[in-house]
Amino acid sequence: MMMPLLLAAPLIGAIVNGLILRPATAKRAGVIASIAALTSFASVMVQHFAPDAGPFEWTWFTVGELTVKWSFASDPLTWMMCAVVTGIGSLIHIYSIGYMSHEHNAYRYFAYLNFFLFNMLVLITSTSLLGMFVGWEGVGLCSYLLIGYWFEDINKAKAGMKAFIVNRIGDAGFLIGIFICYQLFKTLNFAEIAKLLDTQTFDVRMLNLAAFFLFIGAMGKSAQIPLYVWLPDAMAGPTPVSALIHAATMVTAGIYLICRMNGLFLVAQDTSLFIAIIGISTALLSALIATSQRDIKKVLAYSTVSQLGLMFLALGCGAYLAAIFHVMTHAFFKALLFLGSGSVIHACEGEQDIWKMGGLKKKLPSTFLTFTIGTIAIAGIPPLAGFFSKDMILYSALTAKSYGTTFWILGLLVSFLTAFYMVRVWALTFLGEYRGDKHPHESPATMLIPLYILAFGSIVAGFLGMPEGLHLLPNYLEAFLHPVLGPLVEGHGALSEERAMAVATVSAIIACSLGFYFYSKPERSETPGKILVPFKTVFENKFWVDELYGLVIVKPFDALCAFFAKFFDPNIIDGLVLLPSKAAQGMGSLLVLLQTGIVQTYLLFFVFGLLVLFMVLLKGVVL
Amino acid sequence: MGMEHLLLWLVTLPLIGALVCFALTDELSKYFALVVTLLGWVLAFFVYQGFDSAHATQLQMVFNYPWLNSMGVSFGLGIDGISFPLVILTKLMMPIAILASFNEKKFMRFFMSCYLVLDSAMTGTFLATDMVLFYVFWELMLIPMILLIGVWGSEQRVFASVKFFIYTFAGSMLMLASIFYLFSQTHVQLGQYTGEIAAFTKLNFSPVEVFWGLNAEKLVFLGFFIAFAIKVPLFPLHTWLPDAHVQAPTGGSILLAAVLLKMGTYGLLRFAIPIAPNAFVEFSTCVAYLAIIGILYGAWVAYQQKDMKKLVAYSSVSHLGFCVLGICSMNTKGLTGSMLQMVNHGITTGALFLLVGMLYERRHTKKFEDYGGLAAIVPYFSILFVFVACSSMGVPGLNGFVGEFLVFMGAFEANQTWAFVTVTGVVFGALYTLTMVKKTLFGPVTNAENRSLKDVTLKEWAAILPLCILIVYLGLAPNSFLSKFNQSLDTYWAETLKKTALDAGTVK
Amino acid sequence: MSNFSSVYWTQFIAIALIGLGMVGFLIRRNAIVVLMSIELMLNGVNLLLIEAAHRSGSADGTMLVVFIITIAAGEVAVGLGILLNLYRIKHSSDTELYKELQG
Amino acid sequence: MTDGIFIAIGIFTLLCGSSVILCKSPVYSAFSLILSFFGLAGLYILLESPFIAVIQVLVYTGAIVVLFVYVVMLMNPNSSGAYRNWIFMIVSAFLAWAVSLYLLKALTLGVAPAVGGAHALSLKEVATLLFTKYLWPFEILSIFLVVMIVAVFALAKQSKETPNE
């Protein structure tokens, strides 16, 4: 009973809000939406403690030997992801009641949010690749609708479209992955695939190909190197949307897909290596860009891309548990940071440039407190969540089979940069004097409560997956997810786990103090910019990646389409079709010239005809 | 009313309605036509119930009336797995097309009788089991369509209708040539003239090369294929579609997109492939290439269009490319996918044209620059618009996806590179659909008239709602509909390709 | 006068007449002269017929000539009637002016 | 001797014929037409068919050419540009010459040897032939003439209505 309720609640919430009631005030719409989210969260909790009957099954379509069923799994991995999605989702629903209070028809926003939750849950709970694909595209659609929520501004609509198209490219790859999987395993069900992978051996090249295309799908959705350009632009949507979709849930779908198909990726070794390389390079690139961004949400967006890069690094190195653990902790503190920045923007009436803020410590005390906890967590300072999950990733990178140490060093650099830019953002917004012209005020209670809960989550989440070595707490997560993700691979790297942890902590502390030193005092905040001037411009313009895409892909494609639409189709193909009619007209106008109207010309033709006749009749006779 | 007369009523009821329509006044003829087509729904429901899905391969509810005895031609109607979904689609779309053209100003009586004649001609084409009868209905179908575009169209309607007529008619001339050849062969090979399609499929051809290395079978196939390729429209022969759509009235566009385009693919399945299987097997690769080019080309050209209806017309070229690709992949998944895609495309593009028609009735312009930011002004319309756009893009959960997915599976099985290339078609499909949505709904409200647009009226809701329900129904639970004609598609390839070079192993 | 050494002469003259008539109705701009040259051609034919009748001795040729003359009379009458009407409109008999029936 | 007269008259007729088409003013060409018809009549006499010669003179020259002259007088034609442009004349001359040559060739090919005695055709023979073998053409001819008269009247009447501007 619980599973259908889990899905039905947000769907009904969306329909009630969007089509039936369409309540006038944001408050009423928000309340309905939040109730729907909370019921699905409750049903997840109930599902865990009192699991009901087996998976709920229903055939979608059967064609020849291909039968596709809708069925919902209830294994630990799904449960954990559902808990994270619905938990943080409901918090964000409550938060957005306050955030969207002044919007005039906010029911549309809440309907989309609920519909997004429904699609995300379909993605997570489905037991077949195709069911997941349905959720996959549904989530892409909702992010399109939500990013383009304020559609009056054409750029926001364009950002939404860009997000959808880039996701669609990833989905195309995903589709090909599904076809290859079906060709290999003759089934799309995860459990059956896992079983087949254990029992039979398949052509490794095909497995790698399938894994590669599935990874392209993950790349599109979780914003990795070639297809990450849509995430920073997706900040055009309202901040709670960025928190929910572009930090906590949707972007982690790629990681969930790879964890769900871990059997395949374990076997496809060179694709995993490729994933690790892509992961670490994305992390490094976006961390560098984040260091010099002006807009607070852009910084957080790039930090999300870099954290995702780290997760993919873990996946590449085979540490699926580390990735999922980081997904969970990251969901907490990134959602916290986004919502914190949301309340800052809400307070400064839409101002997003950190250089025009500052000194908000006094005016927004609780936002300041929660934001600080979030910053410390993401920076990786020991007691908080960020430290444990990031360290698990770094350690797994260290013990990876190939290039272990290089991945570890690069990972360390990424976490150093992360700590640096987060403290930069934190210092510029909250310390020093207020540089803006607005008069910020503390956000209402509905926005602060979720912040406090998330802050608490960021502190506690780390303890769930504490590594054994510390002998403080057993690794609950490892025990919980063992059946799905397989054993934690015990490797040995250059350093032992404790020493690696120590090095990571030291680097985080150095980065924080460096950041604090520079950005707490206004006069010193310019210096880092001056030291690495050439790099600053490069980072600020995001390595000109968008412009590069525009030049290399968008412009030639537009030119090609324009060529076809304006020249090739109307003139060449249509020309060929209209050719006979034009030829007929041309011939006609030629013959008209013969009709001079003067009688003698006709007589001339007459005599000429006579002559020809005689010639024909008297062929033999030569004149 | 016995089962066998059901099909006869299916064809003749609208014809009688058309005649009666002449006598009524303009006002009355509208509602009368609606009633007749709703009766069509009832009949279609009976057919849906009466159709025995167990043996969908044989012709059911066969109605036979000797017509030209000397030539062995009979007025034969029958329905089987291949024509079943398309007949249902035709009967479904008729009342919607009529509802969409309620506020036409001039000659309403003749407008409605044109629709009804078109309805009976289309149903007849799908149900005909006799080659000559099929050809008669095939040509009869053109005439009302020409009148619809030519008389009630917009600015350059005459040019468009003449182009449409000549283009399609030229194609059907080639088909006629093949029919004559086959007809003469029936006398030679089977003793006496007969129009039965079943008899035609049993003919075998002399392998002698006629010219350019084409033997008799290839020529017959080409005759049929070109006529159907024009109708589909396949890539190089598609230029009549945008003109016809842009100038056609809303109802005309709906029927043109929803049903007339399916004649081509239906013809391929019913005539071209069973009659000349070897030729099809040989040509299937280049037909597939044409289809793939059609998919990508249609999407690219649609992306740059300034006129809404032209964009949707080119999108139809792209969607129909999927159907043909499904057929060319020569396996059950591809074929079922293409059959589903035909029905889905009919519903989705019908709804899309309905919406574009609504805008045209309010603003009398189809250009994008006249619209912008409608989402704030007409919320219900924009919800419908985005909903149908999603279905046209093939977002899973709606009907577009199931058909496309199966075509991809079939194409992947037949030839992997085909699937790799066409999957990018999905991205381009999303691109032009979203550009259309962006240009009409989003952005600031550019010109003033848009502010006073009124939202969807009751009549329009009545027209669009059944389509939306079907979009969701076919998207989530296509199985009940699929199981009806599934069996015939499974055995289709087994039967038709049995006679071909199966032993030569050309079929994978 | 009964027999000639050769038939050649009469045929030569007749055909010359026909040729002259043909040239006449091609190069002259005056409609009446065109009609006259047609008469010339007809007489050329008559001459041929008479010569043939004379040579073969049967009277058929003369019969034909009588018919030709009557028809020529009718033809001239109508031709001139039309010319008169044209003249009434155009005030000239020049064929170059009657060009309304142009393409 | 008779050959000589025959050739002389033949040349005379041809000369008049050519003057018909060459004279600028139509009046002169009409008169030269009359002269050529007289020449022709002479030739007919030499070919022993006096009846036709008489008909030629009486009907053809007397009636038809007179009609021509009458119309020429009515129209008082200005003999402006008599001939067409040069190229036209050369082309038509060449064509006429070629056709005549072919005609000559055709005639000489098909000439049957002189069969039976060439004897003068008496009027009685012609008359009996007219009313036996050629009765039907003769009757049809009369109808033709009636039609011709009606036609001419119609043309004439029409001219009354058209406003003679």
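We just call them A, B, C and D in the order they show up, numbering each chain from 1.
Assume a contact is a pair of C-beta atoms (placed from the backbone, for glycine too) under 8 Å apart; a residue touches a chain by one contact, two chains touch by 3 or more.
Everything quoted here is computed from the prediction, not taken from an experiment.
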Which of A-B and A-D has more C-beta contact pairs: A-B
Between subunit D and subunit B, distance of the C-alpha-averaged centres to the nearest whole Å: 75
Geometric centre distance via CA averages, subunit D-subunit A, whole Å: 104
Centroid distance [mean C-alpha coordinates] between subunit B and subunit A, Å: 38
Length of the line joining the C-alpha centres of subunit A and subunit C, rounded to whole Å: 100
Multi-partner residues of subunit B (at least 2 other chains): none
Residues of subunit D touching at least two other chains: 84, 88, 92, 95-96, 99, 103
Per-residue overlap in subunit A, given as positions that touch at least 2 other chains: 600, 604, 607
Topology of the chain contact graph, where touching chains are joined (line, ring, star, complete, other): other
Pairs of chains satisfying the touch condition: A-B, A-C, A-D, C-D
Touching residues on subunit A, where the partner in the complex is subunit C: 591-600, 603-604, 607
Complex interface listing, subunit C residues touching subunit A: 22, 25-27, 34, 95-96, 98-103
Complex contacts: residues of subunit D adjacent to subunit A: 84, 88, 91-92, 95-96, 98-99, 101-103, 105-106, 109
List of subunit A residues in touch with subunit D within their complex: 600, 604, 607-608, 610-611, 614-615, 617-618, 621, 623
Contact set on subunit D toward subunit C in their complex: 2-3, 6-7, 10, 13-14, 17-18, 20-21, 26, 29-30, 33, 36-37, 40, 43-44, 46-49, 51-52, 55-56, 59-60, 63-65, 67-68, 71-72, 74-75, 77-84, 88-89, 92-93, 95-97, 99-100, 103-104, 107-108, 111-112, 114-121, 125-126, 129-130, 133-134, 137, 141, 144-145, 147-149, 151-152, 155-156, 158-159, 162, 164
